[in-house]
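Two complexes follow with chain A in common, the first pairing it with chain B and the second with chain C.
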Partner chain A sequence: MSDPPSDDGSDAIHDDGQDVMTPAELIAKLEEAWLNEKFSPELLENRSEVVECVMEQLTHMEANLQRVKKGDAKASMHRMEIDRIRFVLSSYLRSRLQKIERFFPHILEREKSRGEGDPSLLSPEEFAFAKEYHANTETYLKAVALKRMPPNLQTVDMLKAVPEPCLDSFVFLRVKERQENILIEPETDDQREYVVDMEEGSQHLMRYRTIAPLVSSGAVQLI
Partner chain B sequence: MESLYEQNQSDVNEAKSDGRAELIPSIKLRHCCLLRNQRCVAAYLYDRLLRIRALRWEYGSVLPANVRFHMCAEELQWFSQYKKSLASFMRSLGADGLDITQDMKPPKSLYIEVRCLKDHGEFEIDDGTVILLKKNSQHFLPRWKCEQLIRQGVLEHVMS
Partner chain C sequence: MDPSEVEFLAEKETVKIIPNFSLDKIYLIGGDLGPFNPGLPVDVPVWLALNLKQRQKCRIVPPEWMDVEKLEEMRELERKEDMFTPVPSPYYMELTKLLLNHASDNIPKADDIRTLVKDIWDTRIAKLRLSADSFISQQEAHAKLDNLTLMEINTIRSFLLDSLNCMYKLRSNLQPGSSKGQAMDY
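The block that comes next holds the complex of A and B.
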């Protein structure tokens, strides 16, 4: 993907006061987060700082585009660029919302039991959305069915009723940093545990559970 | 379910007061039936909710009348509540909000060829030109303007 237009010198983006990123790096981060979120069976850590920076970048690019003369060939290229970035961002947010809706009791439970210093899985807006969804669904079930049931059956335990994300599903991944001694658990009784070294740039197909910590640390990329 | 429950209750009371332990398996059986019925009902209702949710993503905020006819009052309320939650989430993204129900497919080109399936009246695009959408007329329009109309069924994407 070509560098996004930076007509007015938006060459540097400050990521919450940390290292300055170029627009190209920001878009690369967005794409990484998007692919990881798309292919992982569970909800990953939220990257709201990336989302915010990308939104700022998009408004900046649209503003630039308004000032360009109509019919200029570059304008259509830049518009395509804006469309593509907006698609990636929308797709990323959509897959997060879908996972929140599918696994809402488990996610809310995890948020409740998370420690003080641990990073949150949800942005504040997503958390509000999840709580509203939960309350909405419970109200609906109560109003339609549960209040007509016998007294000892008037609640449904959502944690048991809603299925958990399947962490044992297989995912394709590409290794970004060399890993050693990854322990693979045996699947059947005949197999024994064995360790695997993963070279940088190699691609594998593995159970998600084994490499989940590597995804969150950024050492592997799901493809 | 009520009758099962009442039978169970009377048996439980009998078992407790008279010490008739042989009633306990029948109590357990009825309780299992009750739980299963509760699960089936909850599963059916939850599945309906998931389909209604899919309608919001497919059709947009306003549902067609024939779909609304099939939904009960609580489902309509759930739908409007879901719409509100989704809208406030979308509004919170960035400065003006981002409509994530648009851009469902990766963009292939800026302008697309569309054919009109029903009369929709006049349609204005960004540079001010007004297009009359009559049935079976074909136009070459910007993609982002047409996406909503394509999903509603007014326009059809022509791939030649």
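The block that comes next holds the complex of A and C.
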């Protein structure tokens, strides 16, 4: 019987053909995306390239494990690792789906107004899900209530009916790249706005709106 | 976030084990481990260490900071200082719990360590509550939280963030109809 996969740890993965990542870095990227998605109030840009690479790694590893006989000590370690990665991956995708279900009209609206060439928030699969969810919600509302309403009340504006993500929520974050002059807006009228510098490695509590661009650029990590 | 998810993250930390079996180097997706030789200490992630321990295939070497004297010093410092003192590991609470629950026979003075870590935790959580209280009463917009661990943040997260959101809504006088989505755990 062949040895458990031994070449997987060493081969590098090409991310968009630009920077080369090791599988370990890839997993770290997935975990970052997972935590950011969990804690940000709005849907973040999709990271399908990371998801696809991780899926590829998992399938590859599982295919290799098929060839190993039962009870092999190494195989059980590999299986445990696969299960852990799979948990992060599904938790990540699930939290994105939850957000899509919660904010679908706004997400679809943003997708519509997106300029040519701008990266999409949704992966093609998520886009299909969002559209279908939208259609199903509308059909459902029509079937159970709307069609029995007086004619002038038979339409619902989803954009108004579904709450928007609250970008003013507070979030906890850790700084990965030093940032200077982050403007903190005052909470009340008698306070004044001020700026802070955020050192690398420091942790902060502040409004998501202030640091939203830094989350997408990867300069800060939500915790 | 669920505490078990924080624990999941803590399980990625490495710990030294002394295996009683031999095995070649193993190439996991997340990096290489081993080789394992009986009696020779080797670094492995906590999830693997606990699994091997449960199958009685290794002895776990407690991390350096998991020591009664060091923890006593930390406890005194934590009680003396008004600020949060640096912790020995970003997952000190989770690791203590995991290692003591599964490998207390490998850790000298396990009960003392449990009590000490709990004391440190209690002191820190008390500080955290105090600072959260002043954060809210002074209506601050920014707080620096160095040295706080994920588990500590997590104990206060949903309560603090929800309260801040509610207060924001009350202050900005939003109508219920136009209310924005509340902070939620995804």
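Rule of thumb we're sticking to: the second predicted complex is superposed on the first by the 213 of 223 C-alpha atoms of A that agree within 3 Å, B and C clash if a C-alpha of one lies under 4 Å from a C-alpha of the other, contacts with A are read in each partner's own complex, and residues count from 1 in each chain.
Everything that follows uses one rule, which is that a contact is a pair of C-beta atoms (placed from the backbone, for glycine too) under 8 Å apart; a residue touches a chain by one contact, two chains touch by 3 or more.
Keep in mind that what you see is a predicted model, and the values were worked out from it rather than measured.
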| item | value |
| --- | --- |
| Touched partner set for A:61, first chain B, second chain C, both or neither | second |
| Touched partner set for A:115, first chain B, second chain C, both or neither | neither |
| Partner chain in contact with A:149 - chain B first, chain C second, else both or neither | first |
| First, second, both or neither for A:168, with chain B first and chain C second | second |
| Partner chain(s) touched by A:73 [first = chain B, second = chain C, both, neither] | second |
| First, second, both or neither for A:84, with chain B first and chain C second | both |
| Greater residue coverage of chain A in the superposed arrangement, chain B or chain C | C |
| Contacts of A:133 with chain B and chain C, given as first, second, both or neither | first |
| Intersection of chain A interface sets (partners chain B, chain C) | 58, 80, 84, 87, 91, 94 |
| Residue ranges of chain A in contact with chain B within the complex | 51-52, 55-56, 58-59, 70, 76, 79-80, 83-84, 86-87, 89-91, 93-94, 97, 101, 125-126, 128-129, 132-133, 136-137, 139-141, 143-145, 149-150, 153, 156, 161 |
| Interfacial residue positions of chain C with respect to chain A in the complex | 1, 5, 8-9, 11, 21, 23-24, 26-33, 47-48, 51, 135, 139-148, 150, 153, 157, 160-161, 164-165, 168, 171, 179-186 |
| Interfacial residue positions of chain B with respect to chain A in the complex | 1-2, 5, 34-35, 38-39, 41-42, 45-46, 49, 53, 72, 74-75, 77-78, 81-82, 84-86, 88-89, 92-96, 98, 100, 102-103, 105-107, 109-110, 127, 143-144 |
| In the complex with chain C, residue positions of chain A that touch it | 4-10, 23-24, 27, 31, 37-39, 41, 57-58, 61, 73-74, 77-78, 80-82, 84-85, 87, 91, 94-96, 98-99, 102-103, 163-166, 168-172, 184-188, 191, 196, 202-207, 223 |
